[in-house]
Amino acid sequence: MAQEPSQETTATGPALGPLAGLFQEALSGVQMTAEQTAIDVAITVRREDLLQVMKTAKEDERLAFDFLRCLSGVDHLDELEVVYHLYSYKLGHSAAVKVRCPPDDPHLPTVSHLWQTANWHEREAAELFGFIFDGHPDLRPLLTEEGLGYYILRKTHPLAEIEEWQEDYLKAAEEKGGE
Amino acid sequence: MIADNPWVDGLARMGIIAVAIPLAVIVLTYVERKVLGRLQMRLGPMRVGPYGTLQSVADTIKLLTKEDLRPQTADRWTFELAPFVVVMPVFLAFVTLPFTADLFVRNLELGLFFIVAVSGVSIVGFVMAGWGSDNKYALLGGARAAAQLISYEIPLVMAVLAVAMFGQSLNLVELVEGQGRVPFVVWQPLAFLIFLVAGLAELYRQPFDIPVAESEVVGGPLVEYSGIRWSMFQMAEVANMVLISVLASLLFLGGWNWPLGEEVGAGLQVVLIFVKTSMFILVFMWLRGTLPRLRIDQMMAFCWQVLLPFAFLQIIINGWVLVYGWPDWVLGVLSGMAALAAGYLTYRMAWRAAEPVLPRLHRVGSVP
Amino acid sequence: MLGVFRAIKTTVSAALRKPVTVQYPKVRKELPHRARGLPVLLWDFEVVEPFCTGCQVCARYCPVDCMTVAMKENPKAVEGKSKRKKTVDRFYIDYARCMRCGICVEVCNFDAIVMNNTWEGVELSRYDRHDLVMDLDNLLQQSHSGDLKDPFREPMGIAHSGWSPKRRTEEEKAEAGTKEEGGEG
Amino acid sequence: MATEYRVPHEKELETIDVNVNVGPQHPATHGVFRMILTVDGEQVVDLYPVIGYMHRGAEKLSENCDYRQAIGYQDRTEYLGQFNAEFCYVQAVEKLAGIQPPERAEYIRVILTELNRIASHQMFVGAFGTDIGLFGTSFMYSFRDREVIQDLFEAVTGERMMYAYFRPGGVAWDVPEDFRERCREVVAVVRRGIDDIDGLMTENDVIIARCRGLSPVTPEDAINWGLTGPMLRATGLKHDLRRAEPYSIYDRFEFDIPTGTQGDVYDRYLVRVGEMRQSLRIAEQALEQMPEGPIMAEGLKRTLRVPEGEVYVRNETPRGEYGIYLVSKGGDKPYRLKIRSPAFCSLSALKAMSVGTYVADTIINLGSFDIVLGEVDR
């Protein structure tokens, strides 16, 4: 299965796991690219196909991904990416599905009706990355109740203000110590 | 008799009570912390004074000098009077409580009735505190206190009534003297158990600390109180514990009597009642450290489905035995069997209450 | 009901065992040798100057940026008394920011900084958080006065994997002597 | 908070539902969790969880540190199972960088991780007892033993809570010489302590009356809601990542996976107590097998640079599946580090599992989740 940890690094490009083939079999009409990461197979799909892919991934018997492990947003500067890590308790295999969208149009379909656990994950991603999950029942900010107005996990959001503040603070201490 | 003049005599006895109870509260607070510490493998207070003996004195001073806070939105008079309403009945009850054959303020003919009647008043204080604090935790706690204390008052009174039936008196001194040879607990184990459980609930201590549950309603009615008013609640609680323990040893363990009916002097009487009372107090403290809290519906069900029917059963058994003039041991056997039945029923109830209920997950429509 | 009696039995048996309380300010547990208090600088008794050369590697590797270090020419090196060409000029550690990860100790090339493994290294209550910014004197005081007798200086982390600082061997020899002296002093 | 009025039915006494704000400062919310309960008398009709009071941006901070500095933030995220979190993180880095840690380091990691799992479950048992209303007795019993474990950790790592001891490629130092003996002592003490807790709580009728049958969950629902770890195993599903996807050297140990039957609060408690015993077994076996040798992989650079790639590493922590999604674009800093926190996912099911129960039940239900707010809010 795909979960067999590969000792090789990704740079050398290990062979694809069998799951990539299963995905292509189950979703014949969908354009996708597969790559092997250190543990899981990662399937990249287009935004339009995401809902269909996820539905198939959950309901197809060959895939049967009944558990959404994790939903992570990644900011690739030119594009935003959402990675869905899936696991199947029935078949014991896992895979990642990736979808990308431009940063100025971060609309994605929700999957919270397929997996309830996606609800909070999507809220969190929406809050920290600025995604808009269409069809999500309640897309309020989760970790910051009142909302921040900016997306802290995007690479464009700097830690610089904090650093400046630190520098001022240390400078003040230095001056105090110097006297 | 302390003095010849009845007024001076009464005043002197009241003075003793009024000084002794707060002192006992101070001592008991320390003892409780030590006992709880021991059974949790801690040392308890150790810093103030040798072995921490002055800890509760220090606490008292701190509480007395602390600012007496009142929430701005609280109902002023309800809030401020509630501690007095809670603490007064306890002191009133002590008026007629005989510690030895001669150590009491007034030996009322209807002493038992007086204690029961007066101690019921403190419920009002809790409801007042819960309402007047204008706090939702306090409100929840006050409602819980009202439900619990009123419910458990009934089996308590019934158990006391059973004793009064058997002892043919409501005068506490006569009741104690009536059990000169054999204490009532032998003849009425069921009433004894009911009294103990209901008394524990009246004290709102574990496993019945539902009104003041720390992890749920954060102290319930007491949540907004501080300083001296809070310490009044505390004093009422501990004094109530003393009251219930003394009452239990008077009604069921023969009070100041030596178990086999020998006459003892006044000094030994004090020792005897002290030992018996401390035993109950220790048991209460021990249970506090051992048992978790019941849920409110389980507690109410336990009261109305187990304690109350069996309290009536005890009275019915007493009635039969007294009317038909059967020997006392019949009463003891019947009551003991009923007590075992009550224990079994409780055991069953604990497991039946724990039967699985349907999953709730799919019943909820909305999304968190 | 039996479960309740079992619970009572458990508490009774526990009450008869010895309490585990340690009465802290009066009685103190012995800190293990590796105890990681807050970082302090070490004093070189041989040359009578701090080990630190102010190279700032600790400040660069600190995850929370709690250190500020400045370097200066070592006057003793000019006189020929010391091998260290540079020495520390100013050194500030904000103890309120420090998260005691020990990375500064791990990266230090001169074994100049250690985590304080005495009780003084962890008992730091101050009324003002600015008082927790330690300057060079404060940082050296523990080692200089001899309170810090036996700091934990085992090579750690990355040093095990074959990488080691160039001057480690020399410094270790030098330390071996100073440590004994420091202990006696 | 505004009081909501509900339109009463005819012939029914007019009552109002009251909003009760539980937390963020409340004895039973295990940190700074807040929930707004709407209660009808004693029954909870609605629950709105509010999290984020402890949001420190651990992910963002980790992205601005190099690979070694980020270890410290893992401790602070999962502050009851610190070694578990560190373990997951260093594994992620090792997978990406292609480092194979030496045997001895793996064994040290496993022993410490399992002991840490016990310490975390001790914390759960103590807090759970307090939630139910034990007057601190369970807390004191479990903390007595947790202290012993922490003393061992202090002797090994130098810290009592934030260990920062695992490194990509091994561990920071070798363990002290008397490690085996001390570990054996700790295991014996902890085993006695678990018996104490067992005697105090497991068969206590009051606890059974309170917890059995309270908010049961079916395996399907649990998977759908993303419950993992003891919460999932309590439903009867025998799934443990240490078995299902063995990482590190967990395929070398024998241990059972304790499971429940109905997924109620009592089962969750039982599963955790069972897991403590299993962790002791694993720790003992690992102690037996632990070899001598190096503790750090050979040939590492002073600053770890990780080739481009991504990995999602998941570990079984005391609360369930702890995942680290690590994206590297080369260089010495993680490009993206996402923490999949088990308590966060469990907490999303709190409302569904609590509505319809009593206020007191909601409290122990929350207690049985064993949340760690540092990891929920990150």
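Chains here go by letter, A, B, C and D, matching the order in which they are written, and residues are numbered from 1 within each.
By our rule, a contact is a pair of C-beta atoms (placed from the backbone, for glycine too) under 8 Å apart; a residue touches a chain by one contact, two chains touch by 3 or more.
Just so it is clear, the model here is predicted, and its values are computed rather than measured.
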{"item": "Chain whose mean Cα position lies farthest from subunit B", "value": "A"}
{"item": "Leader among chain pairs (count of C-beta contacts)", "value": "B-D"}
{"item": "Centre-of-Cα separation between subunit B and subunit A, whole angstrom", "value": "60"}
{"item": "Distance from subunit D to subunit C - Cα centre to Cα centre, in angstrom", "value": "31"}
{"item": "Subunit A-subunit C separation of Cα centroids, rounded to whole Å", "value": "41"}
{"item": "Whole-Å gap separating subunit A and subunit D, where each centre is the average of the chain's CA atoms", "value": "23"}
{"item": "Residues of subunit B engaged with two or more neighbouring chains", "value": "39-42, 289-291, 347, 350, 368"}
{"item": "Residue numbers of subunit D (touch at least two other chains)", "value": "137, 141, 144, 200, 204-208, 225, 348-349"}
{"item": "Shared-contact residues (touching 2 or more other chains) in subunit C", "value": "1, 4, 7, 10-11, 14, 20"}
{"item": "Subunit C - residues contacting subunit D, complex", "value": "1-4, 6-7, 9-11, 14, 20, 29, 31-36, 61-63, 99-103, 106-107, 115, 117, 152, 154, 156-158, 160-163"}
{"item": "Contact set on subunit C toward subunit A in their complex", "value": "65, 68, 90, 92, 94, 130, 133, 135"}
{"item": "Contact set on subunit B toward subunit C in their complex", "value": "37-43, 46, 286-287, 289-291, 343, 346-347, 350"}
{"item": "Residues on subunit D engaged by subunit A in the complex (per definition of touch)", "value": "50-52, 55, 57, 59-61, 64, 95-98, 100, 223-226, 237, 239, 244-245, 247, 307-314, 321, 323, 325, 327, 335-336, 338, 340, 344-345, 347-349, 377-378"}
{"item": "Complex contact set, residues of subunit B against subunit D", "value": "36, 39-42, 136-137, 139-140, 143-144, 206-207, 209-210, 213-218, 288-298, 347, 349-351, 353-357, 359-364, 368"}
